[in-house]
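What follows is a single structure, and I will ask about it in a moment.
So that you can tell them apart, the chains are marked A, B, C, D and E in the order they are listed, and the count of residues begins at 1 in each.
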Amino acid sequence: MTDATFPAAGASPDKSSLLVADERTRKRNAAERRFRAYGLGAILISIALLVILMFTILTGGIGSFRQTYVEIPVTLDAAQLDKSGNRDPEEIRKVLTLTYGKLIETALQKAITDNGITIDGLTAADVSNMISKEAPAELRNQVLANPELVGQTIDARLLSNGRVDGYYKGRVTMETAARDSNTSVAQLQLADALKDKNLLATEWNWSFLTKPDASDQRPEAAGVGVAILGSLYMMLVVLVLAVPIGVAASIYLEEFAPKNRLTDIIEVNISNLAAVPSIVFGILGLAAFINFAGLPQSAPIVGGLVLTLMTLPTIIIATRAALKAVPPSIRDAALGVGASKMQSVFHHVLPLAMPGILTGTIIGLAQALGETAPLLLIGMVAFVRNFPGAPPEGLFDPASALPVQVYNWTQRADPAFVERASGAIIVLLVFLLCMNLLAIFLRRKFERRW
Amino acid sequence: RDQIQVSGSSTVLPYSTIVAEAFGENTDFPTPVVESGGSSAGLKKFCEGVGENTIDIANASRPIKESEIEACKAAGVTDIMEVRIGYDGIVFASDISGNDFQFTASDWFNALAAQVVVDGKVVANPYTKWNQIRADLPDQDILAFVPGTKHGTREVFEEKVIHAGCKDSGAEEAFKAAMSEDDADGACMALRTDGKSVDIDGDYTETLARIQSAKHGIGVFGLSFYENNTDKLKVGTFAGVTPSTESIASGEYPVSRPLFFYVKKAHIGEIQGLKEFVEFFVSDEIAGPDGPLAAYGLVSDPQLADVQKAVADETVMAAN
Amino acid sequence: MNDMSKVERTVSQTDIKISARQAQVYYGDKHAIKDVDVDILDKTVTAFIGPSGCGKSTFLRCLNRMNDTIESCRVEGKITLDGEDIYDKRVDPVQLRAKVGMVFQKPNPFPKSIYDNVSYGPRIHGLARNRAELDEIVEQSLRGAALWNEVKDRLNEPGTGLSGGQQQRLCIARAVATQPEVLLMDEPCSALDPIATSQVEELIDQLRSQFSVVIVTHSMQQAARVSQKTAFFHLGNLVEYNDTDAIFTRPQDPRTESYISGRIG
Amino acid sequence: MNDMSKVERTVSQTDIKISARQAQVYYGDKHAIKDVDVDILDKTVTAFIGPSGCGKSTFLRCLNRMNDTIESCRVEGKITLDGEDIYDKRVDPVQLRAKVGMVFQKPNPFPKSIYDNVSYGPRIHGLARNRAELDEIVEQSLRGAALWNEVKDRLNEPGTGLSGGQQQRLCIARAVATQPEVLLMDEPCSALDPIATSQVEELIDQLRSQFSVVIVTHSMQQAARVSQKTAFFHLGNLVEYNDTDAIFTRPQDPRTESYISGRIG
Amino acid sequence: MPVTWTLLLVLALAVAGYYIGRSRVLSAAGGDSRRLHSRPSYYGWNIAMFTAVPTLFLIAIWSVLRPAGPTVLAVLALIVAAAGMAFALSRTNPDFRARNVVETFVRYLLILCSMIAIATTAGIVLSMLFETGNFFKQYPWQDFFFGTTWSPRFGGGSQLGILPLVWGTLYISFIALAVSIPIGLFAAIYLSEYASPRLRSWAKPAIEILAGIPTIVYGLFALITVGPMLRDYFAQPLGLGNSGSSVMTAGLVMGIMLIPFVSSLSDDIINAVPQSLRDGALGLGSTQSETVRKVVLPAALPGIVGAILLAASRAIGETMIVVLGAGAAAQMGLNPFEAMTTITVKIVSQLTGDTDFAAPETLVAFALGLTLFVITLGLNIVALYVVRKYREQYE
């Protein structure tokens, strides 16, 4: 081996200065800078796009967290609400919202005259339209909850109609109102007059978060309460099922399964499942969970199961990649001190793979949270007014979901729903952030290089 | 299960939700759950069988088909009540700042058909501007947003506008002369694919958004959608008639279609409040010309009384 | 190799801890270990020597079935521990590895704290009844591996932040802490300075009173100092196996002779 | 340490390749290298010796700024290469590392073929004009690292499938192939048998004719054999730096003395 | 409520079983855990598992099939739990190989979990096969697979050729990937190799939000902002038509959505490549970008390919962005500024439309679904093969 003569090539390494880069180094450094710039550019592009999207969402939706109310005294005329006069709740229950609507109309008329407001061209329809159709229902519920109120005059806080509300949010202007068959310039002038008298105000709107959906005629009353619960329930199911099952499946495939045809088939299968359009999972859910297993329609449990199946491939793919990336020497080290394969995986490999698993979880859950298509077929893209019960039974009650609410509202005719939809998107993103925060925190904890 | 379950057409959905909401408010029954997902999916679910796990009512923007009744029967869904709730008008509207249009069926045919007749010859549609079709139409590029082939509205549009225009303009004759009967029929309804006629698979909100980003576009809308957006849209007349609930109810404005829902009779009595809900739906206060549905744009059924009677009697569809 | 069988016969059957017969190892097509017959005695230090790449590590890894983890690796022949075939289907490799501990050639501490590195084995094997006992085991093991003084103030820092030689000693401590019956050490002192080396050798000597130790080393001196038996491998063959004295003073095989005489380190 | 300055003065300024002044290294709070002053000469082999954990690798990694990659690590003081401060902002660490090559303590072959491992450096530095030249460099480097015969038939197999010692030689070949001006070798022979060791030492000797070589070793003998200068580190301090002969025959510092006299390996 | 109670009761039993098992075996070993075959907790787990798992399965199956009331279930569940517990207890003694039993048990659970993927596939195929069969009874398969026109009609006489949809799917996905792969990969590289921990700690989650924004937002973004912009600044000046919706619009916007799929997953994988490899390359004088390109990326390749496949999968499965961005017109063309559509969109629209549910126009959705399934299966097999070929295993 003494034949090793070294070095072979050019004997005189030119003593170039470190401070002066030679031609080749300059080129390489330029390449390096370009590479780095691409990277930074990629991040900046992503962040910029995020900012743009967030900006559109926020500007479009922040309005739904404020709502315009008319606050006037309403006389709950006993003659109309309790004809028999004995305050029997059963009797009062028979009075329909129509009657309450009339009471409100009278009250508003009275408020107008009492405050000496006069507006040219104001029609009776303008006045009665001023108040949301939801207001009588709310008033009725108030009375049913407390029959003592009958006969009294109460200070009612009444939702104003969506156009008036839109007027104070810039969505409706005098010009558009002139063309709009659902409002009129006179109505908006009335609103302004009421506002001057402090009878009308735009306030923080809790009911957007707590109230259920409302029909197309009452955009001002629509809320995401049921949807939040439905999404929450579904995410619970997904979290409880998809993450453990996904991780377990990945562990088996990556660490235990013999490497053969069968595992290849499973592997291809899983990546293929990721490519299955989400609506197909809806078809499966309808066939398997509703028609075959007999679970109820529109129930978060079914939604959760379908979303679980849909997220599994994402979690499995991410987890497997993360497990693969753990160096084998770690496994050897554990086995070498007499740990079982299972112990080496659970004690050492899994913690190291955790960041990847959590990323998969974040992305999988984000996808599950925002998905509408699979819910279409299992009846969750629905109009649901009643809140589901507490889990676990509540999982079987009808509920809607946040993306469903967004989807529905963007399809409605009344433009006020566009704002609601953006509001629901904000809620959805906040929801997502809350979910992710924990995962992100954990991920940072587990992140390390070796 | 406590609540009524309704599924089906997204055209019927708004009316259905308005009624469901009012029903929930004014009765002791829970608010019915109303799904959207299309007439097809709704009827399919409807025909899945009888029992707690199946829906009670299917909304449809078209009458149920023979084949669907068969499928229903095969799954044990036999006694089906058909309830017609009113009519949906179809209107043509453009951006509020645009030109005024007075359409006729032949204008639409000539603007959108794949093949038209020029000087007695069948040619691929050469028109690019409306005023090339008829001189008193505005000088504006042709661009129409028509419902995609998934929508029931498309069927009505093809039949009552394009096909009618085919006939009116005399193109049908020319087609029949130039090709076989079947082909002529097809040619009468085939729309051009050069981008002047754009299919919309989404909803009217999408059509509206497209008009706003292409101001010279003309969209096909439902009447109720237009009525909620009169500040953004300018409606065109059709055959000289301006669309409105009145002009449609009177039959002056021709482009409309009936809306239905179907009820499983077997569920009446089993599901609480089902009968009450159906009766509530077609009652005068709700579905009548002064009710909230009409206010929202539904053309009230002139024969509402017949419908109410059929519901009260629980009349099922004739089995055949 | 004739001499080998003689040696074997002088060893009473009960003293044999591990025995290999016709052991073959393949990496895919590559035949890395060929027909190795060897008996490793209880309470004895056995040294494996031989040029780099001759198969020492490979053979060592056979003895506690660590080769199972290399996919392309295939082991044939019969290897027994206390008379039981360790490649038998019924044998639980986990139990086997608990009995036959291992220090790897490349130090591979867990990315955990130093304390956790050492206490991991005792924990999973339940060697300590309580925290105090565990602390005791950790300290003893680290002391044994001559690392205690350097790390006693930083037991909670990650084991991966240690210097090369410290990591190596950490791995020794980790293996010792599990109290195996046989300890396989693949070049345990390669990154250690003379003083640390002598301390580890002292440890090995202590361990010998209870266990059997197999050590791979490139240092002839080390083999001579710590081992009672030496096996010389060459190109996958076990060329010679004998008492260490005999190997170094009267090697039987010319290959052994030339390897030993080329001694430098 | 007084002696040190004398030695320094005898060296003409141009001969100094690397010089460190008041070099300090911290890992977080830990002060790992304290006030090290040293001049490494051109065309000379310098050995760093000292107990495990004393800071040899740490200091070595300062010389080509490999410590930049460790987040918690902070270097202070002045280190120059050919009189230029390598921690200067204008210095491109890439160019620096091309000039100051490194063999790491733990062999870290790329998960690529053996050929690709060795040809990696020449490729990125454009040392070969064509494939034939590249082949030539790869062969020469592998021969120099005494690995050629063992791998010449499997150049396309992954470098990670080699034995520990083979990997170490592969890493040496890889570093040599880039033809640096200074070669830093962190225990390059720790996993090598005596014959391979002597071949690598021969290589180092050859390299000395053109380059400067710094070698960390635990083997006093090796230091004595290959180096002309020796630096003894202890607990982060450079205790003594002198001609190798002088260090081994007349150590000035009692710590050096006791370390050397405790020699075993 | 009773089912909940049963559930809680069983879990309580399992917990109790855990402690009973532990203390039993410990006392049998005279308090010295070293005389046990396994760690005491394994004995506990053994009992807990035998108590809970079979019972949980029972409850799960029961709640689906509901053969009788919840009281019967409660009784049955308790019997099963008690039996499981008794069985496990009877085997508990210091020589019992509890760890092996527990691990075997867990192993079977793991296998079961991975079988869910298979079951899902089977379920999907089965739930579509029947209707697909119905479709092909009414519509010739040659026309479906080789037809170049897609124009469903209500009145029958539809032409349902899949080719324009396949083309649209591939074209849009290609553009989406052409956007997301470079951006995502560069972002991942920058985050894991260059970015400071602070930047990384907020930028990565921020980018992940892109994956969580509901697709309808992207759809509207495409429809209202991107579409008109591309039309006015590219398509019209270049004479490539004046369609507001185009393949390009949908592709670009979908690409944005897919960035985090590529970036976040790749970032984790790149981060997991051992530092020693980077050191090796840097020590040879390579620049950081050379290190990344030549050493780190190849080592992380399998994971990155997985991430890209996931992104591609999402691209293929996306509906909203395509509907609003690319339109609903099925056509084959090369002009990226023309409207096209994808298989998935048509699956959704045909399923949620107003057509007769037994007619080919609706049933075609199932045939489309199954065909897409087969197509992606083919692509995945190719991908697996490619990864196998180029995989570099470190250490």
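The rule is short, and it goes like this: a contact is a pair of C-beta atoms (placed from the backbone, for glycine too) under 8 Å apart; a residue touches a chain by one contact, two chains touch by 3 or more.
Which protein is which chain? UniProt says A = Phosphate transport system permease protein PstA; C, D = Phosphate ABC transporter ATP-binding protein; E = Phosphate transport system permease protein.
Small disclaimer: the values here were computed from a predicted structure and weren't measured.
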Practice problem: Provide the labels of all chains in contact with chain B and in contact with chain E. | Solution: A
Quiz item: Quick one: which chain's Cα centre is the longest way from chain C's?
Solution: B
Quiz item: Is the C-beta contact count larger for A-E or for A-B?
Solution: A-E
Quiz item: Relative to the centroid of every protein C-alpha atom displayed, which chain's own C-alpha centroid is closest?
Solution: E
Exercise. Please identify which chain has its centre, taken as the mean of its CA atoms, farthest from the centre of chain D.
Key: B
Practice problem: For chain D and chain E, let me know how many angstrom lie between their CA-based centres, rounded off. | Solution: 49
Quiz item: Whole-Å distance, chain C centre to chain E centre, using C-alpha means?
Solution: 45
Quiz prompt | chain A and chain C: spacing of chain centres that average the CA atoms, whole Å | solution = 58
Quiz prompt | Set of chain A residues in contact with two or more other chains | solution = 28-29, 32, 294-295, 328-329, 340-341, 352, 376-377, 410, 450
Quiz item: Tell me, which residues of chain D touch at least two other chains?
Solution: 94-96, 98-99, 106, 124-125
Quiz item: So which stretches of chain E touch two or more other chains?
Solution: 99, 220, 274-275, 287-288, 290, 351-352, 393-395
Exercise. Could you please write down every pair of chains that are in touch?
Key: A-B, A-C, A-D, A-E, B-E, C-D, C-E, D-E
Quiz item: Taking the complex as given, what residues does chain D use to touch chain A?
Solution: 81-82, 84, 86, 88, 90-92, 94-96, 98-99, 124-128, 133, 136-137, 140-141, 143-144, 146, 148-149, 176, 179, 181, 199, 202-203, 206-207, 210-211
Self-check item: Interface residues, chain A side, partner chain B - complex
Solution: 93, 96-98, 133, 137, 140, 172, 176-177, 179-182, 214-218, 290-291, 294-298, 376-377, 379-386, 398, 408, 410-415, 418
Exercise. Show which residues of chain E lie in contact with chain C when the two form their complex.
Key: 32-34, 36, 38-40, 97, 99-100
Exercise. Would you pull the chain C residues touching chain A in the complex into a rising list?
Key: 64, 66, 69, 71, 93-95, 97-99, 101-104, 106, 108-111, 120-121, 124-125, 160, 171, 174-175, 177-178, 180
Practice problem: Going by the contact rule at the top, pick out the chain C residues touching chain D in the complex. | Solution: 27, 49-53, 55, 57-58, 105-107, 150, 161-166, 168-169, 186-187, 189-198, 218-222, 259, 262-265
